[in-house]
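In the two complexes below, chain A is the common chain; its partner is chain B in one and chain C in the other.
Right after this comes the complex of A and B.
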């Protein structure tokens, strides 16, 4: 029940974020969606994800507000509403049709297939000695995945620092 | 130079002076207890980066960059990445990649337990915290350099 209320709140926040004209209000609506997602993780009993989602959301909000607060971007609102509406309806219809067939195949919500994870949960404490099962999975059993994730972040930082660097730039 | 570059009002500065140390300490706590309680290297690293960003927003960019310059942040990020890779490679001495190579893993539910997991948490914390702070500092410096032209 709480989960559905939070999901409804997130959908409303996302619609407002797309439809509102003021850029700062849109960023704040995106932040509300993120906080709703953090609460949803907490309801689903995943505190690790909730903490990470909360802090990353705050960091993204600070960066977005710092980036958008002085900019006045023009908004395009002219014509072509008929084509846009038809295209949107077509995409929604095709998505719903695909989702109807795809979601039938999924297991029920909250009843995962415990083929691999079952052995992690049974032997995690004995094999790694870590009381937090999430840490024992992401840093021991699945350390290779975490290495890939760390590489993604490393590449992103290097890309940002290379694009907006100050040294070596040609002066106008 | 703009007024906002020198920081915010006295109220914000006073509150920041009181809270920024607590935020940094909380981030370190989250990182070091990542294998016992919820949290871990990623969340703790972002909290540590947020404490420095808090300093930068309240006191202006020169003050925060004096505490942790952009070059030092880049160096710490590379150090964290190399440390994580080094821990992974050290497992090869016992047979395979990412082997938890400590024989005595310590008592569960205590701070010194779980073998390589706290070390990995510290490495990821250095990487994430320093990397995100470097991105934020680069964006701020880029923004102000555009305005001066």
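Right after this comes the complex of A and C.
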């Protein structure tokens, strides 16, 4: 029950974030959605994710506020709103159609298929020595995924530095 | 089932925001909302009713734990999401310095 309430809170926060005119209020509303997601992870029994989501959400908010502050923005109302709206609704309708067919195949909520996870839980402590199964998966069973994640993170940081840098290299 | 539908609604709000809005910051916000919805969907698929967190304890067996694999994948995905958001915001700040606006229809130097 509390999970549904948190999800409803997130949906309302997202609607406010999309619909409100002021950009700073919009950023703060999306921060509320992220904190709601953190609470939802806690209810869904994922404490590691809840902690990570909290930290990441706060950093994300700081970055977005840095981008929006001190920039006056004229509101844009004109343009091809009819064409845009029709195209948007078409995309959302096709997405919902695919989602309907996918939902028919999914197992019911609360009954996961734990074919792979069963062996990880049963042998995790003996094979890796970690009491936290999530930590044993990301650092041991699927260590190459984590290596790829570190590569993506490093590449993104290099990209940010290359874009933000004020002075380029001077040619001789 | 209601949880899945609310999660889909969240994704659709983000999709609407990305496709319909013309302000770059709004588009970044829409991307963030879509990312939240996808992460939430993964964890929802792995949830077991009455399950416990996947941390070993004395009375912990396979049948009373939630699925740990989606949680491990989403942990990776959250951190990558932060890096991608930082990259997009950096590009948006540069575009603002160059063109003086966040309106995507005014940024058309590269348009053929």
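Quick note on the criterion: the second predicted complex is superposed on the first by the 151 of 172 C-alpha atoms of A that agree within 3 Å, B and C clash if a C-alpha of one lies under 4 Å from a C-alpha of the other, contacts with A are read in each partner's own complex, and residues count from 1 in each chain.
Assume a contact is a pair of C-beta atoms (placed from the backbone, for glycine too) under 8 Å apart; a residue touches a chain by one contact, two chains touch by 3 or more.
No experiment lies behind these values; they were computed from the predicted model shown.
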{"item": "Superposed partners chain B and chain C on chain A - clash or fit", "value": "fit"}
{"item": "Which superposed partner A:120 touches (first chain B, second chain C, both, neither)", "value": "second"}
{"item": "First (chain B), second (chain C), both or neither touched by A:160", "value": "both"}
{"item": "Partner chain(s) touched by A:129 [first = chain B, second = chain C, both, neither]", "value": "first"}
{"item": "First (chain B), second (chain C), both or neither touched by A:99", "value": "second"}
{"item": "Dominant toucher of chain A (residue count), chain B or chain C", "value": "C"}
{"item": "Chain B versus chain C as contact partner of A:140, first or second or both or neither", "value": "first"}
{"item": "Touched partner set for A:40, first chain B, second chain C, both or neither", "value": "second"}
{"item": "Partner chain(s) touched by A:86 [first = chain B, second = chain C, both, neither]", "value": "neither"}
{"item": "Partner chain in contact with A:52 - chain B first, chain C second, else both or neither", "value": "both"}
{"item": "Partner chain(s) touched by A:62 [first = chain B, second = chain C, both, neither]", "value": "first"}
{"item": "Lowest inter-chain C-alpha distance for chain C and chain B in the superposed arrangement, angstrom", "value": "7"}
{"item": "Residues of chain A that lie at the interface with chain B and also at the interface with chain C", "value": "47-48, 52, 56, 59, 63, 66-67, 125, 131-132, 134, 138, 146, 153, 156-157, 160, 164"}
{"item": "In the complex, chain A residues that touch chain C", "value": "3-4, 7-8, 10-11, 14-15, 17-18, 23, 26-27, 30, 33-34, 37, 40-41, 44-49, 52-53, 56, 59-60, 63-64, 66-68, 71, 73-74, 76, 79, 84-85, 87-88, 91-92, 95-96, 99, 103, 106-112, 114, 116-118, 120-122, 124-125, 131-134, 137-138, 142, 145-146, 149, 152-153, 156-157, 159-160, 163-164"}
{"item": "Chain B residues within the chain A interface of the complex", "value": "30, 34-40, 42-43, 46-47, 49-50, 53, 57, 74, 77, 81, 84-85, 88, 97-98, 100, 105-106, 108-109, 113-117, 120-121, 124, 127-128, 131-132, 134-136, 138-143, 145, 149"}
{"item": "Residue ranges of chain C touching chain A (in the complex, touch as defined)", "value": "1-4, 6-17, 19-23, 25-26, 28-30, 32-33, 36, 39-40, 43-49, 51-56, 62, 65-69, 71-76, 78-87, 89-94, 96, 101-103, 105"}
{"item": "Touch list for chain A against partner chain B, complex", "value": "47-48, 50-52, 55-56, 58-59, 62-63, 66-67, 125, 127-132, 134-136, 138-140, 143-144, 146-147, 150, 153-154, 156-157, 160-161, 164-166, 172"}
